[in-house]
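Next up: the structures, one after another.
Presented sequentially are two complexes of chain A, the first with chain B as partner and the second with chain C.
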Partner chain A sequence: MNASTQKQIGAAEIQDWLVTYLSKELSLSPDEVDVTTPFDRYGLSSMTAVLMTGEMEEWLGRTLDPTLPYDYPTIETLAQHLASQPASKKAVR
Partner chain B sequence: MASTLVQLLRWRAENQPGKIAYTFLGNSGEDEVSLTYQELDRQARAIAARIQNSAAPRSRALLLYHSSIDYIQAFFGCVYADVIAVPTYPPRRNRPNAAFAAILKDSGAALVLTSGSMELDVSLARLETDQISGDEAKEWREPDVSPDSLAFLQYTSGSTGDPKGVMVSHANLLHNERMIQQAFGHTEDTIVAGWLPLFHDMGLIGNVLQSLYMGVRCILMPPVAFLQRPYRWLQAISRYKATTSGAPNFAYDLCARKVTDQQAASLDLSSWAVAFSGAEPVRAETLDLFATRFAPYGFRREAFYPCYGLAEATLLVSGGTHADAPALRSVNADALEQNFAMPASGDGDARTLVSCGWAWDTQRIAIVDSDSFRRCPEGHVGEIWVAGPSVAQGYWNRPELTEQTFHAHIQETSEGPFLRTGDLGFVQQGELFVTGRLKDMIVIRGRNYYPQDIERMVQESHPALAEGHGAAFSVERDGEERLVVAQEVKYTHRRNLNVAEVTGNIREAVAEQFGLDVLAVVLLKSGGVQRTSSGKIQRRTCRANFLANRLDLFEAGTPVHAFSASDSVS
Partner chain C sequence: MSTAAPGASAEAIGYHYSIGNEFYRLWLDKTITYSGALWEDGDTLETAQLRKLDYHLTQAHVQPGARVLDVGCGWGSGLRRMVEKYEAGKAVGLTLSQAQADWIASQNLPRTEVRVETWLDHAPAELYDAIISIGAFEHFAKPELTSDQKVEAYRAYFKRCHSLLNPGSWMTLQTIAYGNVSKEELSQFVEKDIFPESDLPTLTDIARACDGYFEVVALRNDRKDYERTNRAWLTNLRANRAAAVKLVGEQDVVRYEKYLALFIIGFHTGTMNLFRFTFRRNDKPRIEGGISR
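Right after this comes the complex of A and B.
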């Protein structure tokens, strides 16, 4: 298995986690959550965005910058960013 | 006894040099960094010496920092240089925001104090205080600071186009610190912990300066550490056996909802004696929710300490007895609309209010009719006026606004000057109950309506309507005040919304509950209702946008109100 496959698997799992999280938070069905729609468009408050990073920390088992959703404002870009970080290889269970 | 902050910190550094003043926890709630009084005094002198080289006494210095020990050192650097500190909102990422530019201009600052990591594009002199060596402390020359000297300008949250800097003197601060000590029952055994923003009065005066005043330890963490994991706040209280820690109502709510059973099991909150709640209305439901959730982990309901205050009064105005549980009063909602507090009876809607106690020390509160400036009788709602040594010196460079706001006199007796708080409330049996804001009050046919009540009813009328995301206000039409409701539709309901059904429900609910017809129901897209950075609905901005046809409509292009904007301006 090369590094790039690993990266893709990580991103997909993180993406699924984010879709589940947002669908619960916004009472949507998971297929209604679009991974390329910016968090702001969903009416996600900045407080909820920061809270989300906290729950991701718990899941990934590593610390995350609370401002990540500002820099990576969609599910897709955030998941890709997190998966591309070295620490993520082990963190995703 | 110290009469300025300079004397206060100098005294502590001389008499308790090795005592830990502040402990900072990092973004993850761990990684502690501590600072003794001696270290703080030395770094503040070094920073002050640099400031003295480039700015004259009483010029203004903007503080641009993340929540950190650097900020506290820079604040005292200004104090030691007799330069007026101007705390600003912490930047998102490493750049200042729009409010920064407005405050920069209004304050006429001579320099900006910041840390080396901050990106900043201003023409002002910039001092990176984290790069200054403590060895420079010996260059410091003690300034001639009097109790009346201004210590800092507290910019109040308002629209960014109209910043107002409250002028807070050393005497104001020391008086307010004494009131806080008395009201909160602080002793030398007190331990303060908190995450409140340090650029804001509640964090700076309530946590940082109160600890210095008492000479007790203060444990601080960045606000974002709390928001990311609310558990960290309670964990810090538990770990450091903090006795005083507080926040606005929403934070208690968040903890009750987000802290897991597993997290809660590790907590021991039995040291927590004063859980103050202020800066936004204290809700009885939240008190119940939090007290029930954390009672098994040592939290005592009596620890709750609802209090009232505002930047224009330095910080604290009133609070109750720290050892008692909060006093609740259930009043008749109809009578309250008519400005009268009457116990709720079996029939009719009730509203539960939380007592904010009474004024301490030599501070005084008056409830005054905001039109006639006459005192209201006991139990009648009026504007809350405050007099005493904690009332600040006015708004920076705003003599007219200062005169109107800070120098009000009671009609019959000419008693004064009083600060007009713009908040509404009543006093009953010596206890203050805050009921709303004067400016947002809707008056229709001589009757008062609290917009938040109408908004709540609107939001409950249909599941598609977003809770807390609506604004009710009035506009004049044909010489009559009429109600307008602007309300966001939840993102989740944006498709296939039956607009006629929703507006019908809203009109029906308002008519049924308040007996009012709605001139216009305006449905907005998610995010369409303007709010402040702290989440308060900006009803006046919303109203102005409505009149100018600038609202972000749910259905673009649909006529939303039955009259043109020009009709309303009579």
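Right after this comes the complex of A and C.
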């Protein structure tokens, strides 16, 4: 992971990113994606979780643990968690 | 090679390992141990792998001079440990990967023999005092088998081990197993792109399969240990990513990154378990008389 492009991004922006990603992934309109509904309620597979985490790594420019969507199981809690992490922190350890 | 083997073929095993020794050496530990480690505080990946090997060799009661069989010996870290630390009199390793066998042969380990052979075909001149098997059982049944056929395939393994062991012997088995998940839910990606022709056991499958031949003395589910192991591997692979891409190409590196991440999730959430069994040979198995399974 090239970490030279790390960004500090706020919870609202991360939340929007996740809504956009999931609405595309699940063929829903963004309005239909509820930020407080658990990912597994949308039928999110572990492969989708891996791909989503990978895309987020690219976007945020830092390493993320693939289990994050399980420990923070809604868009809201995941976005809050990611925004609270310093940009330099590497999650995969 | 048996043609009617119920487990993954040598070609299928070869598919996973043909990517080459050098690639695995980039992200496994120095002992090249490719299975879930046994972690304690302060461990590095290497010390956790050695701790795991010590656990198996201790549980299998390996004494100086013992004849020991390692079914699915990988790159030989278990063989090395049993001859160097436990002073085994004869260490025999079975693998289906020629690349692994060549690697072990190049190590010139004392009192060690490696064979490219399945356990079905293994017919040694002398019996063994102990058997260990770490991370091979996952390949003993193909996905298309019915539940009963799968148990039958596993049962053939326990029967074979029973016939290969001296009375009073001990045996260990470490395997990934289905956890809180249905077979359909577990990613098709793993079966198709990573471990072809391989299906996982359930705890019930193993219990039915060993019944009569072996007594279960201990069972641990250490899925968190395998989560941590996969995490260490993924960290290593990423740290050596440029070298890995140069060796096998971007596509294969991405394939392994995905697989390791999926396994981290599987062991984290409990869709997959990591079982470590200790067995004692039943010297008077109540089987021929019609014991139920």
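Following the convention adopted for this analysis, the second predicted complex is superposed on the first by the 78 of 93 C-alpha atoms of A that agree within 3 Å, B and C clash if a C-alpha of one lies under 4 Å from a C-alpha of the other, contacts with A are read in each partner's own complex, and residues count from 1 in each chain.
Everything that follows uses one rule, which is that a residue touches a chain if its C-beta (ideal position, glycine included) is under 8 Å from a C-beta of that chain, and two chains touch if they have at least 3 such contacts.
Computed from a predicted model, the values in this text were never measured in an experiment.
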### Query
Since both structures carry chain A, what do chain B and chain C do when superposed there: clash or fit?
clash
### Query
Which partner does A:Thr20 contact after superposing on A: first (chain B), second (chain C), both, neither?
neither
### Message
A:Val50 in the overlay: touching chain B, chain C, both, or neither? Say first, second, both or neither.
### Response
both
### Message
Quick one: is A:Thr63 in contact with chain B, with chain C, with both, or with neither? Answer first, second, both or neither.
### Response
both
### Task
Name the chain, either chain B or chain C, that contacts more residues of chain A.
B
### Task
Using the superposition on chain A described above, determine whether A:Leu28 touches chain B (first), chain C (second), both, or neither.
first
### Task
Run through 23-31, 329-337 or 545-553 for chain B and report the one that clashes with chain C in the overlay.
23-31
### Message
With the touch criterion stated at the top, can you tell me which chain A residues are shared between the chain B interface and the chain C interface?
### Response
45, 47, 50-51, 53-54, 63, 65-67, 70
### Task
Spell out the residues on chain A that touch chain C in their complex, using ranges where they run on.
1, 45-47, 49-51, 53-54, 63, 65-67, 70, 92-93
### Task
Enumerate the contact residues on chain C facing chain A in the complex.
187, 189, 227, 231, 234-235, 238, 241, 257-258, 261-262, 264-266, 268-269, 271
### Message
Please output the residues of chain A touching chain B within their complex, sorted ascending.
### Response
26-28, 32, 40-43, 45, 47, 50-51, 53-54, 57-58, 63, 65-67, 70-71
### Task
Name, in rising order, each residue of chain B that touches chain A in their complex.
27-28, 92-93, 224-225, 227-230, 258, 466, 469, 488, 490-492, 526-527, 535
